[in-house]
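Consider the two complexes below, in which subunit A is the common component and subunit B and subunit C are the respective partners.
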Partner chain A sequence: MFQFILRRMLWTIPVIFVVSALTFILMHSVPGSPFTRERALPAAIQKNLEAKYHLDDPLWKQYGEYMWGFIRLDFGPSIAYRARTVNEILAQQWPVTMTLGAVAFVFAACLGIPLGILSAVKQNTLIDHSSMVVAMLGVSIPSIALGPFLIWIFALKLKWLPVATWGTPAHIILPALTLSTFYLSRFARITRASMLQVTREEYIVTARAKGIRESVVNLKHAFRNALIPVTTIAGPAFADILTGSLVVEQIFGIPGIGKYYVTSIGNRDYPVIMATTLIFALLIILMNLLVDISYALLDPRIRYN
Partner chain B sequence: MARRKPQSGEQTSDKPRSLGRDAMRRLLKNRAAVAGGAILLVIVLAAVFADFVAPYSITEGNIRNNYAGPSAAHPLGCDFMGRDMLSRLIFGARISLSAGLIGALTAFVIGVTFGLIAGFFGGKTDNIMMRFVDIMYSFPTLLLIILLMVFFKSSFSVSGVAEGGFRGALSNIDRATGGMFFIFLGIGLTSWLGMARLVRGMVLSVRGKDYVEAARAVGTPRSQILRRHVLPNVLGPAIVAQALQIPGFILYEAFLSFIGLGVNPPTPSWGMMLSEGYVAMRSHFHLVLWPALAISITLFAFNFLGDGVRDAFDPRQTRR
Partner chain C sequence: MKKLWLFALVVALLAGVVVAGQAKTLHWNLATEPPSLDPSLATDTTSHQILKAMFISLCQFDDATMAVLPDLATSWEFDAATVTWTFHLRSDVYWTDRNWTLSGIPVTAGDVEYGIKRLLAPETASEYAYVLYLIKGAEAYNTGVGSADDVGVKALDNHTVAITLNFPAGYFPTMAALWLCAPLPQVAIERYGDKWTEAANIVTNGPYVLGEWVHEDHLVLVKNVAYYDVASVKIDEVYCTMVNEASTAMAMYEAGVLDVDDTPPLEDMDRIKSDPVLSLELQQAPRLCTYRYGLNSAKPPLDNILVRKALASSVDRQSLIDYVLKGNQKPAQTWTPPGIFGYVDGVSLGIGYPYDPEAAKQYLADAGYPGGVGFPEVTLMVNTSQAHMKIAQFIGQGWMDTLGIKINITNQEWGVYLATCSADAPQVFRMGWCADYPDGNNWMNDVFHSGSGNNYEKYNSPAFDALVEQAAVELDPAVRLDLYKQAEILICDTDVAFIPIYFYTFNQLTKPYVVRTFAAIGGESWKNWDILDH
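So, the complex of A and B:
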């Protein structure tokens, strides 16, 4: 197990290398520079600015310096916001996105998984059918459609919750709901399917034959084994929820990293683009690793060696 | 596949059933899937014949109708430029569906080619190619697509003046398609990884089959083995798998257009209509309502049909 984790950690090195190189090449191929303005800057000033941010160095050198900084967790200065470093910007924006993402993920898992269990246990009843139709709606309504709907109902008509922006816990509810609906529904559908599959196994029949209470059979014998497919999507789900918040932050005007990422590309704020992409990639790698580890915990038959 | 004529004494239930026909039968018994398919058919027809179905121009509006609510002339009202909502929705179907279909096709071609090469040559080639796929899996797709779209848009299409050569040609194609061309490319270039993995796996399993071994033993050239034995076995499942991805590609187009990196403004994409309507939502909710409904219904229909197709091809899953 330890060896497995170590090997996976080493694997992140080439991943980060390719992701960073690709991002670097792409963003520097985009025409325009951070100093492109409506009114062109005097040539001398432009030159000095470029020298200050080392933008006049050859690309490989810029890349090398950036990555050297990245390893030491120094993400460099922001070019668009001269007075601030990328570290300061990230420290301010990441918590917002992470909070939103975490709340959405908890919504999705804590509502979706029980819904799936309920559907499976009450298979082919009205409860099952109606919750599966709701889940189907959930995977079909995209956040850009759901967000405005929720705002209209709960903020504009009922006036229960604030329309947009960020600040109090009440501000989190609508965007988190918008963000979580897709995965809430996927969790429900996958949990149901996998519960149905597991309940056909012989050990479930055995457990029932022994006269164990139905709730214990369902939750202890069936659910634990049914969790494996669910954890498989849990990793990508968290990553998708985080990147999905990019769109949701636009809808609700939330000052998180997703909204900032789009702005930064517009500003050609190279260090911010790099740092954001790399952190997202690292998170995805981490989530996938956690999924693999949790396999081993859930299913003693799975060994990594 | 040639249909076998029923022999005289043969009973219908004994007819050999191909996987495809069996799946079709199961699919038609699934009411939700049939309903989804029917809705989808209507949307597809509307998209194909948009020029005849749509009652008004989609680019020119009447300034007196700005934000107009529903009326006899404009059943769904008008948008912020006085353009008929219904007509724009109908043309929007064309945008969404073609993003889904052509995006899927682009990703399919790249993924199948990549997977075929990796699986067929095996060894070191396979190893290097698949490690690359593994690495790209850790790249956040939405971020990559956004980067790519910005790259395409500002390298090729913004320049305005017609340029010669390769760049000019690309930019002209993109302008002619209202900004759709780069969306196809963006989707295709970022969404082929799963297909490559799937195809490679299938190629490996076909390659190990005895009949391929036999073909090789009698000296069949590699290209012919690939064409005669490997491709036909791989294409069917790959097409089904890719068709199931279409809703995801429709979503990408809508997202990109919503954040302003998708189609170019007069083109009526549902995502763009949502972002345009969103600013005026407080007083004119119908600007958001209709495109939101349109995209949700389309995806809903797609998902029901897709679920049915998946179940039909994999009978184990439906066993109750």
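So, the complex of A and C:
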């Protein structure tokens, strides 16, 4: 197991280099620069700006210096936000996104998985059908529609919760609910499908034949194995949710990192593009590793040697 | 020393008044994080809104008339022999930080000299440095050829600063009202470097100080009790949120969280206008910006002037405003908007091309395409945005219906779009322009001179260049007005270099208890606002 983890972690290094090189090449290939403006800047001004951010160096040198900084966890200055470094942006904005993401993930997992189990156990009943309708709606309704709808009901009509912005636990509820709905629905649907498949396995039939209580059969024997497909999607979903949602953060005016994934590209803010992309890649790698480790813990048949 | 004690007493008294009375707080939505609160570096409207509250410059604009008024400078004069503007400064302006620890240090002419020279220093890498290239030695210094000592800005004494220009720009006082000519706090900048604009470090001199700045979340401005005209500042605090989504900001306004919504969503305009409460709170005011469709006259069939006239005559601007924009914008037949020195009323003077479908068909027939027969497909490109696309669809459909031609509407991401328009502009493309300073030079010379980087049309007319160059150095306002009128005729009527579409307006929702002004050039003057008991 230890060797497996070590091997996977070592593989991270070339993967990150490939991702960084591709991102670097792509962002420099896109027309426009950080200083492309509707009010065109004279060549002399462009030259001063490029000199300040070392964009007048050859590309290989820029890439080398960026990666050297990256290794030392120095992500460089933001070009669009002149007084802020990328490290500061990450330090100030990412905890907000992580808080929102963690709450949304807890919502999604704690409501979605039980909903899936319930549907499977009560297959083809009213409970099953209504749960799956809710899950289908959750997957289908985009955040951009759900967010304003929740604001309208809970903030404007009922006046139970604040409209937007960030600061108190009450401010987290509506955006977390909006962000979680998609994942909640996916968890519910996959848990249900997985449970239905597992409950037809022979060892479950055996367990039932032994006269074990139905709840024990479902929760102890079936659920544990049914969790494997759920875990498979939970890893990338967690990475996804932790790197923020532009839409949810935008709708609720949340000072998270999500918007930087999009605005940095529009601004051609090269250091921010590189940092956000590489962090996302690292998270995906880490989450997939955790998922693989959890397989071994959940299913005794899976061993990494 | 005596002066310092007196100052401290005034500060204490004013602070006491604020504490004793009911603090008035304005809740405003900035929509985004200000990219920079450094007057040398800021280039966007959000940052300028905050800068206007925190810093004063040599002059200021009257919000309604755009007249240049005194601010740090009480008076100024021009010496034609030396091409020098001399500004005489107030002696009661002080630097302040949020803890009032620096209060009492006066703002001097030396701070103005430092501010302008810092802006021009190549290492500052200021995007707007080129705007001040009209100052003697400025371009050389900014491009690394000359030195700071050779820049034509000099503090003659603590309260007098002389600015020598390359040519006698009659409009220079309008530039002196820009943040580019603001005095800057050298000590704070040198002590904190790039971080001098953080709330804990910043030193300012305007109506408000930066009390708090939580990045991407909120920013709080607190009345500066050391401001020279603090007695007329009625709002004690401005609390700015940074909610980018227009529908959320609208919900916050309706929930009473915001006192003003400066960008109500287009989708809500019909509801706002029919709502008995919101309709009364909707205020509209002119804004110094013009929307245009650039024409690439080098690409067939737009190389034919008659085709350009046909397109210009078949834009139904009023219907566009009534059914698509819904913001009471004004149809534009000329380029410079009302409120800018050099504006000509194209509609009443018959300059430019009004909506006239019959004339448009005739122009097209005269060009050799009767009823649009044989007319090649024309590309109309906009940058990716729902609002721009709606306008393009309306105008494009109008052209197809009126002229019987085929229009290919396409869009590109903003950065790619600008690169495309710079390198090889499509036949028709969207552009806009908002005033930096309220003078025709900023609309004609800065945009359509053959040497301007903003001239995406690649308009190249020696006659036009001569007119705007002459207007830049001419001191007689009447002569300048006439020169700009001739330039408008040339560019919008004779040559049809582009199609002016509309002059912008502000559409803002304001709670009835807010007493406000509208700054046509942008950047509201909160110092002149008030909040009534409610």
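Just so we're on the same page, the second predicted complex is superposed on the first by the 281 of 305 C-alpha atoms of A that agree within 3 Å, B and C clash if a C-alpha of one lies under 4 Å from a C-alpha of the other, contacts with A are read in each partner's own complex, and residues count from 1 in each chain.
By definition in this document, a residue touches a chain if its C-beta (ideal position, glycine included) is under 8 Å from a C-beta of that chain, and two chains touch if they have at least 3 such contacts.
What you are looking at is a predicted structure, and each value in this text was computed from that prediction instead of being measured.
Looking at the shared chain after the overlay, A:Ala239 reaches subunit B, while subunit C stays out of its contact range. Contacts of A:Pro142 after superposition: subunit B is touched, whereas subunit C is not reached. By the touch criterion defined above, A:Thr276 lies against subunit B but remains apart from subunit C after alignment on the C-alpha atoms of chain A.
In the superposed model, A:Ala170 makes contact with neither subunit B nor subunit C. In the superposition on chain A, contact of A:Ala44 is made with subunit C only, not with subunit B. With both structures placed on the common chain, the touch criterion links A:Ile151 to subunit B and to subunit C. In the superposition on chain A, A:Ser29 makes contact with subunit B only, while subunit C stays out of contact range. By the touch criterion defined above, A:Gln250 lies against subunit B and subunit C together after alignment on the C-alpha atoms of chain A.
Common to the subunit B and subunit C interfaces on subunit A are residues 30-32, 148, 151-152, 156, 250-251, 266. The touching residues of subunit B, when paired with subunit A in their complex, are 131-132, 134-136, 138-144, 146-148, 150-151, 154-155, 247, 251, 254-255, 258-259, 271, 274-275, 277-278, 281-282, 285, 288, 291-293, 295-296, 299-300, 302-304, 307, 317, 320.
Residues 30-33, 35-42, 44-45, 47-49, 51-52, 80-84, 88-89, 92-93, 148, 151-152, 155-156, 159, 162-167, 250-253, 255-256, 259, 266, 268 of subunit A touch subunit C in their complex. Across the complex, subunit A meets subunit B through its residues 14-15, 18-19, 22-23, 26-27, 29-32, 123-124, 136-137, 139-142, 144-146, 148-149, 151-152, 156, 193, 239, 243-244, 246-247, 250-251, 261-262, 265-266, 273, 276-277, 280-281, 284-285, 288. Residues 33, 35-38, 41, 43, 122-127, 129-130, 139, 142-143, 194-198, 214-218, 241-245, 247-248, 251-252, 254-255, 257, 413-416, 418-420, 422, 431-432, 452-454 of subunit C touch subunit A in their complex.
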